[in-house]
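In the two assemblies presented below, chain A is common to both, partnered first by chain B and then by chain C.
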Partner chain A sequence: MTITIPFELDRAHRRVLIGGEPMLFHCHHYNTFLQRSIQDASYIESRPYLIGAAAEVAYAQLVRLFQSEGADDVNRRNELASELYRWAGFGTVDLSAIGESGGRVESKSSHYARAWSEKFGSSDEPVCLFPSGWIAGAAAAIHGKPLGSYSVQHTSCAAQPGKDTCLFEVQAGEANYDVFESVGAGEVGEHEQRPRPENNIDEEGIYEALTAMEIAGDKDGIIPAFGVYLTRHYANYYNRISFETLRAMEAAFGPDGYDATRPLFVEAGHVCAFNTFGGIMTSPEWNALIRPTCKTDADWVHGMVACVNTLGWGRWNVEELSPTEAVFSIQDDYESVGYRAMYGTPERPISFLAEGAAAGIMNLVYRGEVMSSPEFTPEYYDHLFRQTDVFRAEPAGQSVAMGDKATTIRVTRG
Partner chain B sequence: MSTQTATAGKLHSILEWVNKEGEARASDRLRVKMMPELLGDNIHFSRIDASTCCSPETLTKFRQAAEEIVGKRCPV
Partner chain C sequence: MNGKQVTAVRTLDCAHKLRVRYLLPRPLDRELLESLGPGELRVQAFSLKVQGARDHLALIDEERNLRAAGVDGEGLLTVTFGKLGREAHEGVVADFESLLVQLLGVPIALRE
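== the complex of A and B ==
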């Protein structure tokens, strides 16, 4: 049976909605780096929300999807949910083993387990916390129960030494994770054209071409693309796990908690830019579609920003650009939209991923000569992000999370 | 010599080792891992220098965390 994933492209706000949940692309480097950074604060009890945030988005999305697709019986719901999971690049999962009272779910292929093993090596502990929560949330949606009606134990993980399968024991009863109500799509602004220096990039053409590309999981539910494993992940998952951590750190340590957490979340953005943006800017797709229009180094920046606008991260723009400095603006950046919907107005800007990604673009183009198709090695990473004269980002005065029309980020060198 | 004084400079040396041997932002990971212990010893991470002293327990945990992050035995 062929199942088409109902996919809503919100062109004005440069995002994608599926079952009311904003979904966006991130790579395995980002996914694992972010999870490890959160778990580094081992004195914060993060596991309940690392799992609970996944249950939250899966449940909210699937309840809506089942309704919109007329999926009334359990078999049809199992198929639709499993196919969505595979399509999004999370791996494969057989949900048919879950009855009303629960069951054991096997996953022969897991994005998180594969990613963790490849990036960090094997793990003593199971790492598939997102899949754990997703399965628990899906179980509730499939069987028509309220969110939090199933507990989940991740008893074996393919990232552990000698293991090749992930196992999840699902049981009807009290949730053993935090239960959140999804904020769904959140509130976005009215799109308006921001200032942009003259350049040779056809931003709209790139948007149309790249959003028309079929980027979906293979038979194993893996999306190998641009030298990374991509996922079509949930904005509300990233936001929930990042901001729960930030708020817990602030509650425990005050401003020091913010100061300690921020660099790691920005670094996650560097990791993302280096791997995914680097992969895109050296890809056959870039060479065919975008490189021929790049007449200057600045065009490479604008070209990459045009690609970012296809990732579901909001509407990115470069307002000022020179070889030593840039100002990026982002309308409806997903971090801000999510924070406001979940927690209200923050005291400080919270677009950490965006800061790291913006700095990453400048480092790739103006320090890394990405146009010469370098090898993406640890040494190259250190060259781009670890020297004293690298580009660094900082908030530039406006934040969607704080009520402004755009989030602005200044990137400077040295 | 007190047990605190005996640790003078050790945190700084370990931190320098992490910066040299670890990946980018390794020291930021160390900071996050050690927040409670450093707070307990009234030590601000960004002000660790060659004169900084700490409790022996904190020094042990700091070294363990550093080794975990770098993936090597710490020579300090």
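== the complex of A and C ==
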């Protein structure tokens, strides 16, 4: 039986909701780099929320989906949940092994394990923390129990030497991870037209063209697209793990904690931009849809922003643009929407991924000559982000998280 | 386009899988791409959505872990052999290139 994953395309806010959870695209580079960056801060106990945040989103989403799709029995719920996991690009997982008291789950294909192995080599420890939590949350939803009703042990991982399957032992009982209540879609504002320099890019046409593409997991639950490997992931997962880390750092080190954390997450944004945006701008899809209409270097920036608007990150715009400087504005950026819903109003801007991504666009176009289809090597990364005259981003005075209508980011060179 | 050969430029994708850019002696079209199957042909009719855009063609072969894509009417075919966590099957590259040569009637020249 074919299962269609129902999703709601929110055009006004440039995002997608599935089972009430905002979902967005990120690549395997970002997923693994972010997790490792958080885990590298070994003085913070991150494992409980790296797993708990996944249980949070899986549970909330599946409970709503089961209700909306009329999935009343365990078999149907298992099928829908397993299919969602594959479709979203997380890999494959057989949830039918989980009974009311628990069970052993096998995953023969894992985005996280594959990505980790590829990017960092083999791991001594299992790395599939997101899948661990997702499975625990799914188990509770499938069996009609409250979130946190199952513990999960990730006992074996395909990222470990000699292993090709990930194993998870799920057991009914007290959760061995942090339990959060999902904030769901959060609150978004009324879209307003923002200024934009004249350009040759048909942003609306690109949005309609790309959102009509089927970008879904293959039989292995892997999404090869635009030269990278994507997941249709959870905004609230990224937000929870990022901001729990930020808050832990602030609790430990005061304001210095913010200053220490921001560069890590901005760097993750650089990694994302380098790989995902670089992949997009050198892809056959770009060559067909956008490149033919690019007449200037600035058009490449506007074209890339048009693509960003299909990722589910919020509504991006370029308000000022020159070869040496740009101002980006984002309405309802997913970091701000999530932070406000989860934690209220921050004291300082928290749109770190957006900062890194904005700087990445400018570095790719104006320093990296991405138009010449370069090879995305570590040396090229260093050239784009680690020289003295690179573009760097900083908050430009407005933040949705802090109550403004848009988040503004200024990117300057040198 | 060089009417006398296919020029192949070998690189790696971001998961270190072989990616080859084939500069074709004639424009890519649906018939040519489909002939390089088996696999599923996917057509994104971007020209209908954005003025000036071209259509995107892709051949997805999950059995052989091969993806071939290009712009309808242009001379570049990009093929990725393998994917994240999966190598291409042995012999797939040779088989693919052999078929390409047969269909186009010209040899493949590897450009370093």
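We adopt the following convention: the second predicted complex is superposed on the first by the 414 of 414 C-alpha atoms of A that agree within 3 Å, B and C clash if a C-alpha of one lies under 4 Å from a C-alpha of the other, contacts with A are read in each partner's own complex, and residues count from 1 in each chain.
Everything that follows uses one rule, which is that a contact is a pair of C-beta atoms (placed from the backbone, for glycine too) under 8 Å apart; a residue touches a chain by one contact, two chains touch by 3 or more.
These figures come from a predicted structure and were not determined experimentally.
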Ask   = Overlaying the two complexes on chain A, which is it for chain B and chain C: clash or fit?
value = fit
Message = In the overlaid three-chain picture, which partner chain does A:Tyr229 touch, first (chain B) or second (chain C), both, or neither?
response = second
Message = Tell me the contact category for A:Asp73 with respect to chain B and chain C: first, second, both or neither.
response = neither
Message = On the A-aligned overlay, A:Glu347 touches which partner chain: chain B = first, chain C = second, or both, or neither?
response = neither
Residues of chain A touched, compared between chain B and chain C (which is higher) = C
Inquiry  = Touch test for A:Glu174: chain B only (first), chain C only (second), both, or neither?
reply    = neither
Query = Taking the superposition as given, does A:Glu208 touch the first partner, chain B, the second, chain C, both, or neither?
reply = second
Chain B versus chain C as contact partner of A:His28, first or second or both or neither = second
Inquiry  = Quick check for you: in the superposed arrangement, does A:Glu125 touch first (chain B), second (chain C), both or neither?
reply    = neither
Request  = Using the touch definition from the top, say if A:Ala288 reaches chain B (first), chain C (second), both or neither.
outcome  = second
Remark   = Shortest distance over all C-alpha pairs of chain B and chain C after overlay on A, integer Å, is 16
Ask   = Once bound in the complex, which stretches of chain A touch chain B?
value = 37, 40-43, 249, 252-253, 256-257, 260-261, 263-264, 267, 270, 378, 381-382, 385-386
Key: Contact footprint of chain A on chain C as seen in their complex   = 11-16, 44, 46, 49-56, 58, 60, 62, 67, 69-72, 74, 76, 78, 80, 83-86
Inquiry  = Going by the contact rule set out above, which residues of chain A touch chain C in the complex?
reply    = 28-29, 109, 111, 113-115, 117-118, 158, 202, 205-206, 208-209, 212-213, 218-220, 222, 224, 227-229, 275, 279, 283-285, 287-290, 292-293, 375-376
Parts of chain B lying in touch with chain A, wherever the complex brings them together = 23-25, 28-29, 31-33, 35-36, 39, 44-45
